[in-house]
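Two complexes follow with subunit A in common, the first pairing it with subunit B and the second with subunit C.
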Partner chain A sequence: MGNLYHNKTAQWLTYAVFFAGFAVIPMTVDDSFLLNQLATYGVYGMLALSISLCWGFGGILNLGQGIAFGLGAYGMAMTMQMQTQDESNPIPPFMLNNSLDHLPMLWQPFQNTYVGMILAVAAPTLFCAVFGGIMFRARVSGPFFAIMTLAMLSAFYTIIIDRQPYTGGVNGLTPPSSLQFAGYEVDPYSPTAYWVVFGFLLGATVIAKLITQSSFGLVTQAIRDDSERVRFLGYSVAGYETVIYTVSGLIAAIAGCCWVMLVQYVSPAQLDVGFSLSMVIWAAIGGRYSLLGSILGAFIIQGAQSYLGDTFLATWLLILGGFFIIVVRFLPNGLASLVESGLGLFAAKRGPASAEPNGDAKPIPAE
Partner chain B sequence: MPGLLEIHNLSKSFDATKVINDFSMEVTEGTLCCLVGPNGAGKTTTMDLITGRIKPTSGKIVFANEDITAKHEHIIARAGIGRKFQVPAVLRDMTVRQNLEVAYSRQTNPFWNLFKFRVTGLKQKLDEIATLAGLTDRLNDRAGILSHGETQWLEIGMVLMQEPRLLLMDEPIAGMTEGEIEKTARIFKDLRKTATLVVVEHDMGFVREIADEVVVMHMGSLLAQGTIQQIEANPRVRDVYLGEQEAA
Partner chain C sequence: MDLGSLLNALILGVSIASIWLIAALGLTIIYGTAGVINMAHGEFIMLGAYSSYMLQFYLGLPYLLCLPASFVIVALVGLALERGLIRYLYNRPLDTLLATYGVSLVLMQGVRLIFGSDPKYLAVPEMFQSNVMLGSASISAFRIVVLGITAFLVFALWLLFYKTRFGVQVRAVMQNKEMAASFGINSGRIYMMTFALGAGLAGVAGALFGVLAIVLPTMGASYVVQAFLMVVVGGGSLAGSVVASGVTGEMQSVFAFFTNDTFARFIIFVLIVVFLRFRPQGLFAQAGARR
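Presenting the complex of A and B:
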């Protein structure tokens, strides 16, 4: 009782401080390479957020988030690829190399930037709604659902490699120039690109946070606790699970679009099982019950990988694995739970009555 | 006048075993019906069949003139049937308050609930039920740490939050003290003014005190139905059930 960690005002304040910190970065950082790198971390943060929403709050372990991310990324890459084709040269070079003499049906909508971008987000979201709907209606849950997502992810991975004339196969797609949007060119190394990612991460976090605080969030937590019981209260468990899984997929799809905007590249590696597993690891280490904790988990792991990975090379994976085991063994609810218990002790010391939102004690895990 | 709940020739087999065998009963609106019978008579299975947890092999269940046979659990709950389980089923990781809030399921549509942050009428109802269940001091505690008796009360509270037309109570007084049992009897009698109750109970003293009507089940079939006096005078019931209890 009286734990500041559970105080809604304190939570929102912490989120505000976190995002304010991120907003000032482009004003102080001149290094455009670093800015681009930080923006990609923002994309990873969005993915960790989507996992936290689905797994932490909805109790649905999704090992195939790479589906939504990858399909979003492919949609965006196709859109950007088509921006560089024109009337005289309407077919991307890799298709010509694979002896295609006309633009496939699948690619035609992406000739229009707006239609392409809408499809890049809508197609994966629709996939989640349909796939999730079928699975949850059949009451597939827990590890069985996780296995289904994994199988589905592998299926997409294989299809993309196999259909080389349409997808670029293992090479993936490499749009030759950066995204043109509404007459502007979005240079991936510019503060603009950073702001776009920052804006989506902020928006996704606020929406996810509101969802967890709504009546919907309360019901999903109840489902996580005991889905069988919740049915007898009149809630359609499948409906709730489908919605939260789909919203999570939508966030991942947007992350995929942002990612391609930043790196101008997509390949089947984005649908690799290992990458989807690392999204789950980010959320597990940061704390899947905390949206912000999960985002920070992604920053910590990916940041460490960028800087320590070069020093330790292959040993890095062992270090990461060891770290993961330690967290799961001693902090099953991730680093955020450290803050939770810390603030709990603090509240207990000060007595239950005197715990009010306090400006200087912020539940931010070590950054 | 037809009953609020009518069960017609209900049967349920698991493989070759007939658990419920051509069982029929009728519950009149505004009454309290006790469902009794020895262990394995099929009482809880009947509850499972009414609430849609399992589907009958044959037969028909009609609630408020609507056929609810083999409908999904949440559809039946929305129709107005609330259930307390034999082993108290509360949401153990959530607080007592959250348990009651979730149970106040006026709006069940996931899309509407995405935009709902304050539920009208919730606070008043929650205070009322928390007082009734004696859980006012426990609202911020995790439901998992409650004692068995408190857990029973919480689940009764959850069923009341649903404001169902028909309440199914599976062994509601197990683990309660004498005083709590009296309180439960009082609450159940009060509830009869606005709702209909079906109570599964072993404690004949409690049944005698609350029941308007008693239905005795034996081996998945209806053995007898009537007032408590009729049931206690029924020689067949004495044989299979009451006699057995006296011997024990």
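Presenting the complex of A and C:
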């Protein structure tokens, strides 16, 4: 009997249990503020998932995931802002304050809710496809790509602050009312909003899981371990990298849309370097080689920040930083690797005779 | 087109370049030698500023003595960090990035707990507070001090790396660690020394930045991305960082002259990405050290 951790059926069952637990919450929680908060954790879970897919399964460390998240969030906020404008009052108030007397070209498509929402997801995804395509074709990889994403993130951060009449500058956008979709108002504190986030998280997780188990996912994992060897085998490394980076960006863009739906607010802080790095921390602590581990990493860190953060207000960052250092130093594959080795011990006890053929070589888990 | 003010922008650009260069010097050495991506570099700068503040406030040390003192203090912090954490991570470059980010969180919050979040100020001698006329450009005397110290440090580093036995060893380890080790060079010790040296240089930068701007626990964050880009564009070599800072500093100043500071930064970030697309190894890649 092999390690249960690598058993695909067991993995799917664990995912099912996790999502079932997540689905029970709205039936037991009456506090609408808590429900809203839990839904934002779902958004963070999506971000950690996207990092895990890109970094854990594609070997691409992306320190600029805030680009896709932030652009998605801005697109959604622009759509929601335009929903509250009408014929008599066609342009948002902050533009008037910045002495803009007509709606800029950039904003015009967002007058239509559907076009706006499609753009909010499509624009960041397209950006990832183009940026990733250009970079990976030039064989930029590893730390270099990480620094490039950091530079790109800083570029977007500065341009959003600089173009105040179009973006609201440092203040960001605060759409005054909640999202109207197909004649229905999505109250951010209602179970409906929670279900929307739940649905997207579930969908993203299932798709990501299927990707990692497909032959496509196997190739990206091979690229992560030795890209030169894969290239010599005749695969288009740049093509595979671009696709996995773009899918990861798509998930982050959807997360950005969900986030604005929940909090009705977006500012350049969502494109801050610190926020993008914390997404990486979630995935690293949870375990970047495990999709579920990364999601749980986001829940653990953000949950601890919300609840312990109040108790240890002054020392929270100290604890987080220290914990992160310890994980990187002693547990490079995150908390999920503890589960893996725990189950491995269990399997070894149950059937020592059926040792794996290459028990000595430590394989990097496929999950 | 007003040529006079364009000239002013060019003169100001030299000053901006020197500020970016001194922020990037320590990182150049650490990244260039060991390939460590030190995200805590900004916090080393911040520690340098706070060490100067402490020395000045509690011991009444004159400002000019604070500079070497900050170098020593931050170098010791860097030494401790290298021995305690970084040396276990040399074969995992991406993990050094993550671990040092954790270190930066700890340092930032630690300083905030000790000194509070209110801004501190460094006092400088009277003679540095005036403005100096350079041609038609008026520039604060302290910026000239920064320029002078940067030039001095670059020269000293050049001497160290190209004229001493230690420098030969560093360059040997940089090119091929195993080969250098087989010739009897203790590469672990070289890494330790260069890391401490890089940290110390960040300390000097911090002592200077504490005067140019206010001293805050979060002040390091604004320098680290910028410093990284200088190092990567330069290719991790000393000459590369000097040229990269010089060119981008001038470009920042000239673009800011035509538009504004933030938009100029945006253009620079985009240009850097475009440049690295075509030359990922940077301006002056070291022989055999493409990482």
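Keep in mind that, in the parts below, the second predicted complex is superposed on the first by the 349 of 367 C-alpha atoms of A that agree within 3 Å, B and C clash if a C-alpha of one lies under 4 Å from a C-alpha of the other, contacts with A are read in each partner's own complex, and residues count from 1 in each chain.
Just so we're on the same page, contacts are C-beta pairs under 8 Å (C-beta built on N, C-alpha and C of every residue); 3 or more make two chains touch, one makes a residue touch a chain.
In this text, all values refer to a predicted model and were calculated from it rather than measured experimentally.
Within the superposed three-chain model, A:Ala222 lies in touch with subunit B and out of touch with subunit C [touch as defined at top]. When the two complexes are overlaid on their common chain A, residue A:Met135 makes contact with subunit C while staying clear of subunit B. More residues of subunit A are touched by C (comparison of subunit B with subunit C).
Judged by the touch definition given at the top, the superposed model places A:Ile51 against neither subunit B nor subunit C.
Of the two partner chains placed by the overlay, only subunit C lies in contact with A:Gly274; subunit B stays clear of it.
Contact with neither subunit B nor subunit C is seen for A:Ala73 once the two complexes are overlaid on the shared chain. In the superposition on chain A, A:Ser236 makes contact with subunit B only, not with subunit C. Contacts of subunit A with subunit B, set against its contacts with subunit C after fitting on chain A, share not one residue. Listing the residues of subunit B that touch subunit A in their complex gives 51, 53, 72-74, 77-78, 82-83, 85, 89-94, 98, 101-103, 105, 107-111, 113-117, 119, 140, 158, 162.
Residues of subunit C that touch subunit A in their complex: 35, 37, 85, 88-89, 92-95, 97-99, 101-106, 108-110, 112-113, 221, 225, 228-229, 232, 260, 262-263, 265-266, 269-270, 272-273, 276-278, 280, 291.
The part of subunit A that touches subunit C in the complex is made up of residues 61, 134-135, 138-140, 142-144, 146-148, 150-152, 154-155, 158-159, 161-162, 273-274, 277, 280-281, 284, 314-318, 320-325, 328-329, 332.
Looking at the complex, you find that subunit A touches subunit B at residues 1, 210-211, 213-216, 218-219, 221-222, 224-226, 228-237, 239-240, 243.
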